[in-house]
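Heads up, the next two complexes both have subunit A, just with different partners, subunit B and then subunit C.
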Partner chain A sequence: MRILEVKGLKKYFPVKIGLNKTAYVKAIDNIDFFVNEKETLGLVGESGSGKSTTGMAILRLLEPTSGEILFNGKNITKIKQREMQKHRKDMQIVFQDPFASLNPRWKIGKTIGEALEIHKIAKGKDKQRRIDELLDIVGLPSESKNRFPHEFSGGQRQRIGIARALAVNPKFIVCDEPVSALDVSVQAQIINLLNDLKEEFGLSYLFIAHDLGVVRQICDRLAVMYLGKIVEIASTEDIFLKPKHPYTKALLSAVPVADPLAKREEIILSGEMPNPISPPTGCGFRTRCHMATDLCVDSRPNLEQIDNDHQVACHYSDKIGGRKNVEIFAAQTT
Partner chain B sequence: MSKSLLRKLRNALIVLFGVSLIVFMLMYLSGDPIALLLPMDTAPEVAEAMRESLGFNDPLYIQYFRFLSGAVRGDFGNSLHHNQPAMGLIIERMPATIELTLASVLIALAIAVPLGLVTAVFSNTIIDYIGSILALIGQSMPVFWLGLMLLYVAGVKYRLLPITGRGTWQHLLLPAFTVGAYTAATIARMLRSRMIEIMQQDYIKTARAKGVRHKWIVLKHALRNAVLPVITILALQLGTLLGGAVITETIFAWPGVGRFMLQAIQNRDIAIVQAGVFILAVSIVFINIFTDVIYTVLDPRIRYE
Partner chain C sequence: MKNKTLKMLIKRKTALAGAIIILIVVVSAILAPVFSPYDPNESDLNKRLLPPSWDDEGSSEHLLGTDHLGRDILSRIIYGTRISLLVGIITVLLSGIFGTVLGLLGGYYRGFLDSFLMRLTEVQLAFPFILLALAIMSVLGPGLRNVILVLSITGWVMYSRLVRGEVLLLRELEYVKAAKALGQKNGKIIFGHILPNVFPTIVVVGTLRVANMIIAEASLTFLGLGVESRIPTWGSMLADGRGYITSAWWVTAFPGIAIMLTVLGINLVGDWLRDVLDPRLKTS
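The block that comes next holds the complex of A and B.
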């Protein structure tokens, strides 16, 4: 059963150039994916690849330009914001910066409790009990509710952010780089917490990250984004062991491995991601790809099924492989 | 908290000590205080006798301590013009000035908060452009010109409101609006930019993700966070205005401290000027302390340790 299905989603931001001309930044350009129930789909890519925009557009925190978002089989792309409020109970978001995402003037209890009242889940004593319970779930003492966000550490704040998201009993949570702003040791705690919560409450996540080491520990499947498009999507294992897109390979080669003797193929990407206002013709990645040919200039590769649940958008995907990232996979798993 | 308050009070005393020095020096602004007090053609013997009787022949530090001991008791000597204690004369005119100040602040808030909110919520639409231009005009219009125009249009041409003096609330409207217009424009512009900035914050997105209605996001989440710089401007304005809105009070013949001070300056009535400046300084210092306390109440992140 698919909890979320995204079809042909686009989000273009208009940019004024000159007096009368408008260009469009294609932040998300025609992407398709789905998230199964109780599954975690990872969305990885560089800064500016459109990951966060995707997360926001799914929740209608940004209005998509076109495409369809099906949540629990219901098309929520075009419904009014007023009606969308009802669905917000089922879909929540955890932001990257746990401090910025909490109202600095509100005590934690008020921030967590607000959604309970809006969705008429609990009020009065019940609400207080629920707040205590939520804080307990994320491993914070119940006194925390009488304190302000600035009184907590980064990891604690992210726990508060998670408790806040959990308050309404959502089925699906967008985790927008929830650990990128945290220390490595704290990252592990939060990842474990998210994994535990997923088990306990049967949650599905869309987990946005740029760190492959992190997504490895939490995601069932991975989608790799580049320049507003999904270039490869497969199970986490397949992405790590049998990457079929040169960009995926480059990302993987950048994951640090704990073993200093491990020999790996290093692909260092040169240059920056092209300006999304005027993306390159053909394949978006060709400007930085060591395999690019004239074919890549002329025609844009579509996302194609190459294996069970493994899709890739590259003309030369069959020439990629052989080189396995076993040691990365193994190192991260242990 | 109480410790920091004590420290603030100590600092306030230091500031006021500095102010007392400056106020004392006002006497010597033109070099010879006697020349300031007496007409040009006074006989030298009379001037000398006056100098001796007023103690201007004493060493400067003795004069200063005499001045200071008077000042802490609120005694700045008699006004030469009115022949009454200067402080009493100032205090008599304080209610009018306080009334004008409070009214202008209320008018400013009543205009600025809706204007700032609306221009921020509808930013980059025609509503915002009109509102922002209004605010810009309000901020750049000279007070004397606005005062005279209001006087002419509302008072003389259409005879809607009384143009001079103090008494009913109708008397208050024109001068209060004149004084408040600048504050209103400044606050509206500040509020607009703060609101726009805050509406981009993650916690606003969080609130939207929770399902909070837009109206409540603006009022409950954003406005409270945008209010701090407004308090700052208000406090600064309040401090200045309590010293008397000199221009406005003069235009509308408002019997407040500002107009009185101006007359005192014209009459070379030094005692009144000294008392007035001292009162102004004291009120600014205490309003600043009060504002700091309000900050800690409004923003839990601010704690003075």
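The block that comes next holds the complex of A and C.
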């Protein structure tokens, strides 16, 4: 059962160039994916690849330019914001920056209580009890509700952000780089917490990240984004062991390995991601790809099924052999 | 909670000094007839331009001396607090509330409303204040009520621009987006999440503007478009004494000092208020 399905989603931002000309930043350019119930789909890519925009668009915090978003089978792309309110209870978001995600002038209890009030989940004493309960779930003492955000560390704030998202009993949570701003030791705690919550409440996540080491810990499947497009999507294991897109390979080679003797094939990408206002013709990655040929200039590769649940958008995916990722994968797993 | 706030006020010496100044000004405005030794309009041409009492030529009857019509300066300053305070505070409140609400709405909703408000603001800022005030006052006629009206009409743009800028920043912050993702209503986001976070800025600017308003009232009065001349105000005192500034400094100096002290008091309390409103600076 698919909890979320995205079809042909596009988000273009208009940019004025000159007096009368408008160009468009193609932040998301025609992407398709789905998230199964009780599954975590990872969305990875470098800054500016459109990961966060995708998360925002799914929650209708940004209006998509075109495409369809099906939540629990219902198309929520064009429904009015008022009707959308009903669905907001089922889909929540945890943000990246724990310092900007809590109102600095509100006590924690009020922040978490807001969610309960909006959806009329609990009032008065019930509300207080529920706030205590939520704080307990995320591993914070109930006294926290009388404190202000600045009295907490980054990891604790992220827990509060998670408690707020959980308050409305959602089925699906967009985690927008929830651990990128945290210390490594704290990252592990938050990831474990998210994993536990997933088990306990049967949640599904769209987990946005740029750190492959992190997504390895939590995601069932991975989608790799580049320049507003999904270039490869497969199970986490397949992405790590049998990457079929040169960009995925390059990303993987940047994952640090805890074994100093491990032989590593390093692929260092030169240059930067092209300007999404005027993306290159053909394949978006060709400007930085060591395998690019004339074919890549002329024609844009589509996302094609190459294996069970493994889709890739590259003309030469069959030429990309499995690299020696086995030990990396093993090192990450243990 | 209130006790804690009060304790913080006493702990902070500068804020306490500010509060005392404001208290004195307010009390003397209310009890002007009790405190002032003379009728502010009672003139005695035999005692014109008497220097302050500590001067060799001064008289102990007039502590701060007399003006060019022999009126007691101390009494006029005490009575003047009424108008200055009234004009300063009411105009700041009126223009502050009006400008803030428009700035919040424009910055949050953007679109046509925002463009319209900003063009209006730009036009008004480009237009010389005095010219605009003159035009309005010549239609409405002089008088205290009209002075307040004019100053409020011309003053709101400061706030609307300032608030709009802050809102543009705040509306993109993640806690605002989180509230939206929870399905919070726009009104509650604007007044619950955004307003409390722009409030400190408004308070600080507002306290600074009180001074501007007192001086603007003085300018209008000086041009003969302000408060009726028989009512003493600090502004009109400055205007009256202008011609004697080289020979009788006290006529302008004392109302000037009164303005300065009042503004200082308001600013000190404004600073303190800003900090009190910021939970980060509160020691718990």
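We take it that the second predicted complex is superposed on the first by the 333 of 334 C-alpha atoms of A that agree within 3 Å, B and C clash if a C-alpha of one lies under 4 Å from a C-alpha of the other, contacts with A are read in each partner's own complex, and residues count from 1 in each chain.
The working rule: a residue touches a chain if its C-beta (ideal position, glycine included) is under 8 Å from a C-beta of that chain, and two chains touch if they have at least 3 such contacts.
Remember, predicted model here, so these are calculated numbers, not experimental data.
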- Message: Please determine, from the superposition on subunit A, whether subunit B and subunit C clash or fit.
- Response: clash
- Task: May I ask you to decide whether A:Ala258 touches subunit B, subunit C, both, or neither, giving the answer as first, second, both or neither?
- Result: neither
- Task: Considering only touches as defined above, state whether A:Ile118 meets subunit B (first), subunit C (second), both or neither.
- Result: both
- Query: First (subunit B), second (subunit C), both or neither: which does A:Asp97 touch?
  - Reply: both
- Message: Contact-wise, after the overlay, does A:Arg164 reach subunit B, subunit C, both or neither (first, second, both, neither)?
- Response: both
- Query: In the superposed arrangement, what residues of subunit A touch both subunit B and subunit C?
  - Reply: 56, 59, 61, 85, 88-89, 92-93, 95-97, 100-105, 114-115, 118-119, 148, 150, 161, 164, 168
- In the complex, go through subunit A and note every residue touching subunit C. 56, 59, 61, 84-85, 88-89, 91-93, 95-97, 100-106, 111, 114-115, 118-119, 147-148, 150-151, 161, 164, 168
- Message: If we count contacts the way the header does, which residues on subunit C are in touch with subunit A in the complex?
- Response: 173-175, 177-184, 193, 196-197, 277-280, 284
- Of all residues in subunit A, those that touch subunit B in their complex: 56, 59, 61, 81, 85-86, 88-89, 92-93, 95-97, 100-105, 114-115, 118-119, 148, 150, 161, 164-165, 168
- Can you list the residues on subunit B that touch subunit A in the complex? 201-203, 205-214, 221, 224-225, 298-301
